[in-house]
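What follows is chain A paired twice: with chain B in the first complex and chain C in the second.
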Partner chain A sequence: MTDTAPSSLSKYSGGAGAEPPRLATPSGGAKPLVQRHPSVLIFIGCLALFTLGITILAEGFGIGVISTSFVKTLGKTLCLCLVALAMDLVWGYTGILSLGHMAFFGIGGYAIGMWLMYARTELIVVESLAQAPLPPTPQEISDGIAAQIFGVVGASEFPPIWAVAHSLPLQLAAVVLVPGLIALVFGWLAFRSRVTGVYLSILTQAMTLALALYLFQNDSGLRGNNGLSGLQNLPGLGDVPQSTVSMWFLWASAAALGLGYLFCAWIVSGKFGSVLRAIRDDEARVRFLGYSVEAYKLFIFTVTAVIAGIAGALYYPQAGIINPAEIAPIASIYLAVWVAIGGRGRLYGAVIGAAFVSLLSTWFTGGQAPDINLGPYTIQWVDWWTILLGLSFVAVTLFAPKGIGGLIVIIERRTTPNRHGADLGPDPGALREKEAET
Partner chain B sequence: MSTLLEVSGVSVSFDGFRAINNLSFQIGQAEMRAVIGPNGAGKTTFMDIITGKTKPDAGRVLWGDKSQSLLAMSESQIAQAGVGRKFQRPTVFEDQSVADNLMLALRKNRSPLSVLRFRASAQDHGKVAEIAQEIGLEAALHRKAGELSHGQKQWLEIGMLLAQDPQLLLVDEPAAGMTPAEREHTTALLVEAAKTRAVVVVEHDMEFVRRLDCKVTVLHEGSVLAEGTLDRVTSDEKVIEVYLGR
Partner chain C sequence: MLWLCRLFLFCAVAVMPMGAGAQQLDAPIQQLLQTHGEIIAKSSRKSIGPAIDALAASGMAEAQVVLQRWQDKEMWFNKDTAVFVFAEEIENRQLRLFDVSDGSEIGTAEKNAYKQLKPNSGIRGMIAAALVQFQLSDPDPNTRTTALDAIERDAEASHLAALRAAIDSEPNIQIKARKTRLERLLTIRFDDDDDTRIAAIVGFKGDLGVDVRAALNPLVTTRVEYAETAPKGAVILIPGADTLGVADAYDLMVSAGDAPARTDASTIRQTLIDNINGTTVAGIQIATLDNDAARLKAYAALARNGAADPLVTDETVRAALGAVTFFEVFIGAPPRVATAAQAALDDIEAAVAFNQTADLALDALSLASIYFLAAIGLAITFGVMGVINMAHGEFIMMGAYTGYVVQLFIPDYTLSILVALPLAFAVTFGAGVAMERLVIRWLYHRPLETLLATFGISIALQQLAKNIFGTQARPLTAPGWLDGSWVINDIVSISYIRIAIFVLALTFLALFLFVMNRTRLGLEVRAVTQNPRMAASMGINPDRINMLTFGFGSGIAGIAGVAIGLYAKVTSEMGADYIVQSFMTVVVGGVGNIWGTLLGATMVGTLQKGIEFLNPSNTLAAQTYMILFIILFIQFRPKGIIALKGRAAEA
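Moving on, here comes the complex of A and B:
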């Protein structure tokens, strides 16, 4: 969808000697984004309808057919769609197979989780100290919060990374800045030394693993393998029922996904997108055109890390808990699988893949899928789902490299004719592909 | 005529094999030069060195009036300085339209932030259409480059070079896979380009070189064997021995 050229020139078919056109029609770039890419409008429309439908059906503000926990599942799915968009931008469009973007997602979750946990514990501590004969000093309050939060890891003092946890604006800034800075430094080191392909993928996996292992330690300052919990409770809004909070988050997630989609569509639709796809297909050639490939890669790697961080910050309050296992290398591999199954190189493909596979995964691993009794052996989907997913991934890679999104393209009949093996020149018997490859 | 590019005493080895051996070469501001030589003479490697793809073990590559060294610059910086290159095997972005390919090459600010803000003006579209017409692809502007024939891809790549508007064009075997009529058109394009800038053409086909009607440099085993008019080098004993006489 996104690779269509502006069509303003199509009217021009000047023969030999004709004046090159001084275009009277508005140039492609002047048209609004949605006009150049109708898919954006369709997507935003579907998202709005979906959100409206859930609002009507859910408990919070509607008739209550859909449970609050399912609303949370849907809200989380929207966040996964957003991080899949980021993955598609970095992998599908730019060709960088990052297997570390779920780490940025997790960092976003931790950043918002720190504030949620701090602020809620603060309220509890202040309340419990209010009974004391003397008004508590700030130090006493701080110690009380620290004891509450870090008791599980046997500490009672705030580690330095909690320095700004009391401030929502600063932790929100951290949601964006920490993934962005890590991506910037990591990307600068990796791209500058021209690490590409599978080596880069391995490097990103190593980064993810290192981060997860660090967080698993009790003295990492983020409660080790306990992680942060109780994130579904918004500080100061204890009276608001979860059915309402879940709707707020669903709306916020839908809005973030919509804006993220617009942003990504804007990036890939113009000349910048053209450069990205060119880098994916032949980065050496792009260099000889005078583009600094490294700068472009760094830009897209950092921007997508920020998007992933925002998605994570919306996801974990709906999940209620975050722990280092969420950042495990396998999570980022799943992300790549979703995008591959949905169809990389197409924004809606990434969204479809993430939504489809993650919901299916919830269904299978949630014990809702009926087990299949084969007599001597019973297929239990909780165990077999991963294998099914792995097989689908292999099948998609081998037989449908364009994924589910590719089906839409087939319907549109916009496929490139396959010229492999044909005469290369205009005259019969011209140089053939094989001869040309010298 | 002042010198645009000066290569002196350059050597490159690949795993002990000397692909370029103490090579020296000069070209002026608006000059056409043909480089010929047997397979493996180092013609492509010579271009790799100028464009920054391969770093030489020894020697200097100086560029422009200020005699800037190209060796310390990256590929993209060299391209921005004004060196354009057409590859031996046509490399265009097959997944994108002819118009997109030309627009990518069009001489504009290449930094990410300005590309992000870039919106093609009517003038840019006009320029693209103009170049498409020069290379005979005006009817194919919105076709994907991957659908083009081999010869058309060669032209598209030449068109991208023209759009880039470099001071020095390095053209590696532009006529490979072309029909005689297409070759003639290619010659005309190159001769036209050489009126305002320096053009280095690597080509095997002697007829093609003759039509370019320019000074010829013969490479052999990584160094210059002879230099002069086509008639002079083709009558050179050494050249006949290593190249023509085979």
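Moving on, here comes the complex of A and C:
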């Protein structure tokens, strides 16, 4: 019985098209991942086609139908899809509604932004000091860079957190390590004391708020609310046009998304994934079965934070600027909105949701959407889009908990055993059958 | 002498200028003026002193008028007879003349027969100082108060005597107290006798007034000096150890010319640049000078050649500093007075610190009551019902905007607030009931989705408020009787609005306790919370109770919004500013217990004010640290300060 319970759950919420072999062991047997989950192949295929299509149509290497700025928008969207994948893993599969993953995303962006800004300013400073009668000392170069970067907040010395900003490998390590460590410490504290459910959500939101408020200070060492800017210019590659750079980042983002999807699919497909879903559905029972629930949650929380950090590191060089407002709690809430609209508990749902909503949002807030004239009042979408988003989010929560991803299930006409809509678990708040069916 | 002769001549002949009244040449004030007529007419700042002093010391009431009008450039004197008159210019180069003794009109005269006294600003200042003593004993209390204000603003040594003379005759007790206090302050600053000053200083021990500290602080000013050996009694400073840094100490010697300036990096760089010879400096290739060691070497070479000043190293500095002794001397006052002032200041510091703590406690209490107000609605919806409502902040905002709209229609602030409070409750009660009916009741068993759906509503409501009211802050003006603050002393004070919010918070606490413990609704709410099915079988309609409870919690948020709007600006984001703190308050206090919420609010408020006090320039950092602290706190008491036990905890 203990064996079949997780496997039946995995059938409910596992990857999309796969019909798990009824008699297979929970670990999924010896078949390779893609064979068990054809959806992974389909997704990778679509992503490859999309990237190829954009490459052909864009200015960088193709015929130039798509503008560079739109390529950047698409590249950024791919990064958002990646962080949405992480959110789906932590929320849709494990049931931890984290309202802090956009903070990890921002930290990744800050980590790479520090190197980009340092290295580019260093080039400028070295060039200007080369005119001086004496060759500059390392101290003079460092002082010059600091004055350039921190002049805007009235400082002229490097704060300690910039200690390794000169080194690309170390900053790249920071992209992974800083979000990972923060998530590890925070998660350890939170899970250890059994903070769950909405409490955990509020706690993560508080953490995000604290981080954003901290970064808003001028003496935080990260230029306060000025943030880091000029990130779209890669140091040493000033001659390469932005149309080419944008393609590089699009490829990198697509590759990261593809790898991230593979990784997430791999995590959720095996026995590990079954345990995650079991934790989501009835944490106490999993604990009684002898699993170390806290370790599983901590692992998934940390891993998704790392994925979010990587996504941020790819996003912000395309956005060109990062400031603390991007880390504010509302950003993480939007992330949850994307995943919910796309359909949580399905990896492709998160990707669809993030892509769909963020592109739609760009379209509406960019002023391209036609205004609706109602006679006495004109609905301007720049003002009303947020309201529409908020209300449609409520509607999705109420009427379509499966989100857009649910449509695909309907198309597939998959049926589920009829349990008359009862709760799957004995406690209030346990997963209901309607939500669990896939 | 000539003036006296003229005077006699004048008295004898008694020539009257044409006109009505008679000029009283023998009036004492005219006599006095004539005595000093020469220097008055000369009108030089250097020599005028005795004349003004004589007028001031005469004690005559007319002297004040004379000084006043002299200051106002209304005094003239006859070019021939030197008789002083008051005059005003009328048309046809004529003057209308008045007598100096009683101000009565004495007719008109040709303008060129008289000369106007035009005191310059220096003299006017002296006259003003002399006038102070008259003003200080003026029958009108307002004039006396004004004179005291003037002295407080800009005190001079001459005021001291005037003030002392005016104390005993003062009938008004309050003004007398002010005069006495001012006299002692001026004594500290201007008295010649050290013992008198020290006595005055000692008298101010523990006084919190800013004026006292302003008077004492200049006395304890010190200057760092140095010599071969320190004079007796001076406080010896060791460079680098006490408050005196090595660099500062050495700079002192450099600026006195007793030591050569330090050779810092920029000096080295400049000297090297000045001595560039082709591609080398002192025989060293320029290209190699890209680090400090190489530059130092090149500079040393230059110094050996005599092309640069000798290198001043740390050892040079140490040697120079070691040769002399640094000490502090008082420059503001004689040492005895300064020491007494320092002792008094230390004493005042202690009193100030104590009062600041009291003030901080008041601030913290008022912040706590604001958090409590913001959180009490949440304590009902979240604490009692277990429904997480992320749009709670937007209900606060709706209440505040209701207050703003009411003020647009009712200009009387007192009345509008009285209307706004129930109206805000009604509006947010309705909104809460609508939200419960339409959204929340479908999600009672899915807390995470309740959280998300209410987030959606929160986003939509915020944007809606932006669309309707714009992004700029809207004012919600408090009635006039809430303006100002209750000042206990110079340090401890609290504004009436904050007191009102505190009272409002207490009222709500009482209201909450009454509703929950003493009414049918409260009983039913508790029943439904503990066991909905059992409650239903007892004839309670759980749907209706949930709806009413949610409406009640939302309505209180609306009233809190009016209160918060009174002291902060009303913006579409004001709710979002409070939502996290409100949840923290509820969670820290312990879910489901109003006393816990009270404690939680007190803790969060005190904590934030405490951190702000330690780092006053940075409220952002204060909030950051507070949130971090709360995250840590929840580690140790996951269920809050007051954790529910037994059956209630299971509900």
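By our rule, the second predicted complex is superposed on the first by the 389 of 438 C-alpha atoms of A that agree within 3 Å, B and C clash if a C-alpha of one lies under 4 Å from a C-alpha of the other, contacts with A are read in each partner's own complex, and residues count from 1 in each chain.
Basically, contacts are C-beta pairs under 8 Å (C-beta built on N, C-alpha and C of every residue); 3 or more make two chains touch, one makes a residue touch a chain.
Values in this document were obtained by computation on a predicted structure and should not be read as measured data.
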Which of chain B and chain C A:A295 touches, first, second, both or neither: first
Partner chain in contact with A:P133 - chain B first, chain C second, else both or neither: second
Partner chain(s) touched by A:Y214 [first = chain B, second = chain C, both, neither]: second
Which superposed partner A:G64 touches (first chain B, second chain C, both, neither): neither
Which of chain B and chain C A:R285 touches, first, second, both or neither: first
Partner chain in contact with A:P38 - chain B first, chain C second, else both or neither: neither
Contacts of A:D383 with chain B and chain C, given as first, second, both or neither: second
Chain B versus chain C as contact partner of A:Q205, first or second or both or neither: second
Touching partner for A:R277 - first (chain B), second (chain C), both, neither: first
Residues of chain A that lie at the interface with chain B and also at the interface with chain C: 423, 430
Chain A residues within the chain C interface of the complex: 95, 97, 133-139, 186, 189-190, 192-195, 197-199, 201-203, 205-207, 209-211, 213-214, 216-217, 219, 329-330, 333, 336-337, 340, 383-384, 386-387, 389-394, 397-398, 401, 423, 428-430, 432
Residues on chain C engaged by chain A in the complex (per definition of touch): 265, 269, 272-273, 276, 286-287, 289-292, 295, 388, 439, 442-443, 445-453, 455-464, 466-467, 576, 580, 583-584, 587, 618, 620-621, 623-624, 627-628, 630-632, 634-636, 638
Chain B residues touching chain A - in the complex, by the definition given at the top: 51, 53, 74-77, 79-80, 84-85, 87-91, 93-97, 99-100, 103-105, 110-112, 115-116, 118-122, 124-126, 128-130, 133, 138-139, 141-142, 144, 146-147, 149-152, 160, 164, 176-179, 182
Chain B-facing residues of chain A, complex: 3, 5-10, 12-14, 18, 20-23, 27-30, 267, 270-272, 274-275, 277-278, 281-282, 284-285, 287-293, 295-296, 299, 416-417, 419, 423-427, 430-431, 435-438
